[in-house]
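You will see two complexes here that share chain A, one where it goes with chain B and one where it goes with chain C.
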Partner chain A sequence: MENLTKETIDKGLEVLDTKNDGKLLTHLNSCVHCGLCADSCTYYRANPEAKYIPATKVDLVASIYRKYQTFGGKAFPKIVGARTLNEETTKEMVDLLFGACTMCARCVSHCSIGVDITYVIKKGREMLSNMGMIPETLQSTINSAIESGNNMSISEKDFVETLEWLEEDLQFEVDDDDAKIYLDQKGKDILYTLNPREPKFFPLSISAMAKVFHVAGESWTISTKMYDVTNYAYYSGNYEEAAIITQRLYDEAENLESKKVVLAECGHGSRAFRWEGPNYIKKEYPFDVITSVELLASYLNEGRIKVDPNKIPEKVTLHDPCNLARSGGIWKEQRYILNECVSDFVEMTPHGIDNLCCGGGGGQLAMSEYNDRRMAIGEIKAEQIRATGAKIVATPCHNCVDQLSQLNVTFKLGIKIMTLGEIVADAIVMENEK
Partner chain B sequence: MPTLEIEGKVFEVDGDGFLSEPEIWNEEVAQLIANHDGIGEMNEKHWAIVKIIRNNYEEKGMAPMIRNICKETGVRLREIYELFPLGPARGACRVAGLPKPDGCV
Partner chain C sequence: MIHGVKIISYGMPKDYSKKRGDISKSVGYSYIGAMSPMKKESAFLHLPTYIAGLSYHIGTFLSLFLFVFFIPGIYPTGLVALIISIILLISGISGFGILIKRISKDQLRSLSNPDDYISNILVTLIQLMTAVVLYIPQSASYYFILISIFFLYLPIGKLKHVVYFFAARYHLGFFYGWRGVWPPKQG
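Here is the complex of A and B:
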């Protein structure tokens, strides 16, 4: 690593300015080193070295704070464990904060005193972002989003052709030539978003939601200008870029006069737009924002669609995306949906807000240099799935779908991975069905 | 840089096993990666998919849309996922020697 300039170091240290940030000050100073977080972390469980303990990662950031902002750290750095921000500590930060954390926040819920560990990790990532040290593999996906409007650089022409192709498929599926995938329509109740991997490579989940919308008689549209639900800058710690991406979806919802933005099945995207977004762009949304999981549950609850659980007789288990369940408060809705739509639903152990990360969170899917670690922690998830005996794993997150698909092949699980939209679409009873 | 050794041949790859130098790709390399992924001897449909992905990459610098793969090969969407169990990105694009696509893949 090249020598760090004073300017670069100062940019990193700016993030640790605790004068106006009581939350940061509290969480940098509160860890009592009880060690309870160790076993909550799949990185530590897969490879029990002290450096992987969440508390160690917090202390890495806190040690730099102590060096520059406490009397003890300035006067007796060795005694209080204060460290200089230099090549060595920066390298460790990149390796542990980017390369050994999925930001799943399971450690936070296991912390004996409630330290918001992922908040500190995010601050560490923000420092590295300020210093220009975001891993290139992660930044590449953000650059695609900023430059092209979606994180896979899909052209508008390719996107429109794909949705027209899916519309033909929808008309055949529901046997109705008037069934539509509405593009760029103003004044609809719902602006639906997508993860770009759906139009690019995995469009069955778009077809599924289009079928559900059709049967529910929904007023909906998809924008051809800004449909991307993801925001990888949430992971990189570059909140200027996170704001640009958030603002684009905000502007498109305003432009199309949509009443409600419905976020596709995407854990981090839901969190980034719904919960973090107003902070990124420093204003409230004038429209409602809900996840498609909540929307699907409401259709079932209100009787807008009818389903038959006998249509899905296989044993089904559920993987809870961390950002949706543990950090987003949505964990009952997906269970309600599965209990309505499948005949044999079984939980993993643990599950819900205590669920284990699939291993692909925190931007890990993008950062191929840490692939070995990702698969090592993924093996814990794979065995958790295997123990259920399920043939189908449902999960409301396309990022989790991709990681689980790789685990399926690597660890020979013999499962099928489906989004909740796909589950609901398969269970739907059409009006003309007897 | 990580390497991937298949049947005595060594390739420089990224952490996900995508070729670091896409230009060294040829049909022999494709078959070796397919062997490594457990696909085995590639059939006509595998080759049709891989060649369309490769051509698109050489012309436009990126993988084609799944729609174009289906339209140009005549292979049904669901069958593509069966032919490449790791999917179009981690499976077919890797066999076609492309760098790893951006995004949630």
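Here is the complex of A and C:
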């Protein structure tokens, strides 16, 4: 790491200015170093070293705050553990805040005080971002999204071709030549987004949702210009780039005069657009935003689609994406869907808002330099799955699908991983079947 | 006091997202339901430490409460003094136990700075000194020196969590309430 200039350091420190932020002030001053959050973090569980304790990550940021912003830190730095922002602390921050945290927030609800540990870690990432120290691997994913409109750099031509053959597939599946995947249609009720992993690696999850929309008689469209639900700048802490990505989807929803944006099955994408996005662009959305999980649950609840749980007789378990459940409050809906659509649903322990992260969050899937740690924490999830005896793991997050697929191979789980859209589509009873 | 004023006057950044839950219910849950030892791994996985911590904090608040009476020279006597000193003895021992744990566990030691030890020792001494004053009123001058040091040190180190704890619970309740995560839905 090259020597840090004063200008670089000042840019990092700007983030810690608590003048207009009582929340930041609070969380930087609340940790009492009891260490009781250690067991709640999968990094620590997989590798019980002090550096992986959530409080150590918090203290990296808080100790720098104390040094520059508090009387105690300025007058008695050694006593209150105040640290200078320099090469050494920056290196530690990159390693632990980017490389040893999925921002799953599990530690937050278990903290004995109530420190919003993830909020502080996010601030630390924002500092590093201001200082130009985002890991290159993560930054390149963001660059792809900014430059091409989607994080996998899929060309519009390839995307449209994929959707065209998926439409043919859909017509065959539902036995209706009028079944459509609507592209760039104005004035539809729903603008449906996608995780670019879908057109690239999992196109069948798109046809699954298209089938559900068709049967529900939904008014919907996909944009060929801006369909990417992900926003990796949420993870990098570069909120200017996060705002660019958010604004694009916002503009497309406005341009297509959509009443509602439906977020594809993606934990961080849902969080980034629904909860963080309006704050990145500093305005309220004039349209509604819901997740596809809520939409699927509402179709079932309102009887717009009929399902037969006997169509999925295998034992199914559910992996809750942290960003959807713990940080988004969506955890009952997926249980309702599974209870309707499969005949043998079993929970993991723990689950819901107390779930364990799969290990793929926080941008870890993009940062290959931390692959060993990612797989080590993933083993805990793998054993949790194995203990259920399930043959299918349902999860409403394409990041999680990716990580779970790798866990499946590495730890020989012998499972099938499905999105909720795929589960619902498989369980659907078509008109001609009734 | 200064820290309390700061927390309130600094405010919070405006949230432009569309609220989904009930903030007052969530804040209430944050202070009560979410603090239940059954809900926290920091409590149920570490029961002895949790109980010691609880007892230690009861002793701290009791000591501060008694300080208000000691200023005008009101000292409880008889059975009341006995009960108070038993409670303070237990809480003081708990504080000492927490200190021993901090010193003896490698990982906890690496997480700690001198302030963690100073704060613990200071508060434990105040609890024990409060009990002593009840029986030996002549020791009051030492007690008042100690409590003055405590109040001087309070805004510098981690003891200020006495204010920030409540603010942290509020912010957490607000955050999870806004998104409809807390209070957790039944079922």
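Here is the rule we use: the second predicted complex is superposed on the first by the 433 of 434 C-alpha atoms of A that agree within 3 Å, B and C clash if a C-alpha of one lies under 4 Å from a C-alpha of the other, contacts with A are read in each partner's own complex, and residues count from 1 in each chain.
By definition in this document, a residue touches a chain if its C-beta (ideal position, glycine included) is under 8 Å from a C-beta of that chain, and two chains touch if they have at least 3 such contacts.
Computed from a prediction, not measured in an experiment: that's the story for all the values here.
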Partner chain(s) touched by A:Q406 [first = chain B, second = chain C, both, neither]: first
Which superposed partner A:W275 touches (first chain B, second chain C, both, neither): second
Contacts of A:T162 with chain B and chain C, given as first, second, both or neither: first
First, second, both or neither for A:H33, with chain B first and chain C second: second
Dominant contact partner of chain A by residue count, chain C or chain B: C
Which of chain B and chain C A:N371 touches, first, second, both or neither: first
Partner chain(s) touched by A:P203 [first = chain B, second = chain C, both, neither]: first
Chain A positions touched by chain B in one structure and by chain C in the second: none
Chain A residues touching chain C - in the complex, by the definition given at the top: 18-23, 25-27, 29-40, 48-50, 53, 55-56, 59, 71-72, 75-76, 78-81, 108-116, 274-279, 281-285, 288-289, 326-329, 332, 335, 352-353
Of all residues in chain C, those that touch chain A in their complex: 3, 6-18, 20-21, 30, 34, 39-43, 45-46, 49-50, 53, 105-108, 110-116, 118, 155-158, 160-161, 164-165, 167-169, 171-172, 175-176, 179-181, 184-185, 187
Complex interface listing, chain B residues touching chain A: 14-18, 37-38, 62-63, 65-68, 71, 77-78, 85-90, 100-105
Residues of chain A touching chain B in the complex: 137, 140-141, 144, 151-154, 158, 161-162, 165, 195-197, 199-204, 230, 266, 365-372, 398-399, 402, 405-406, 408-409
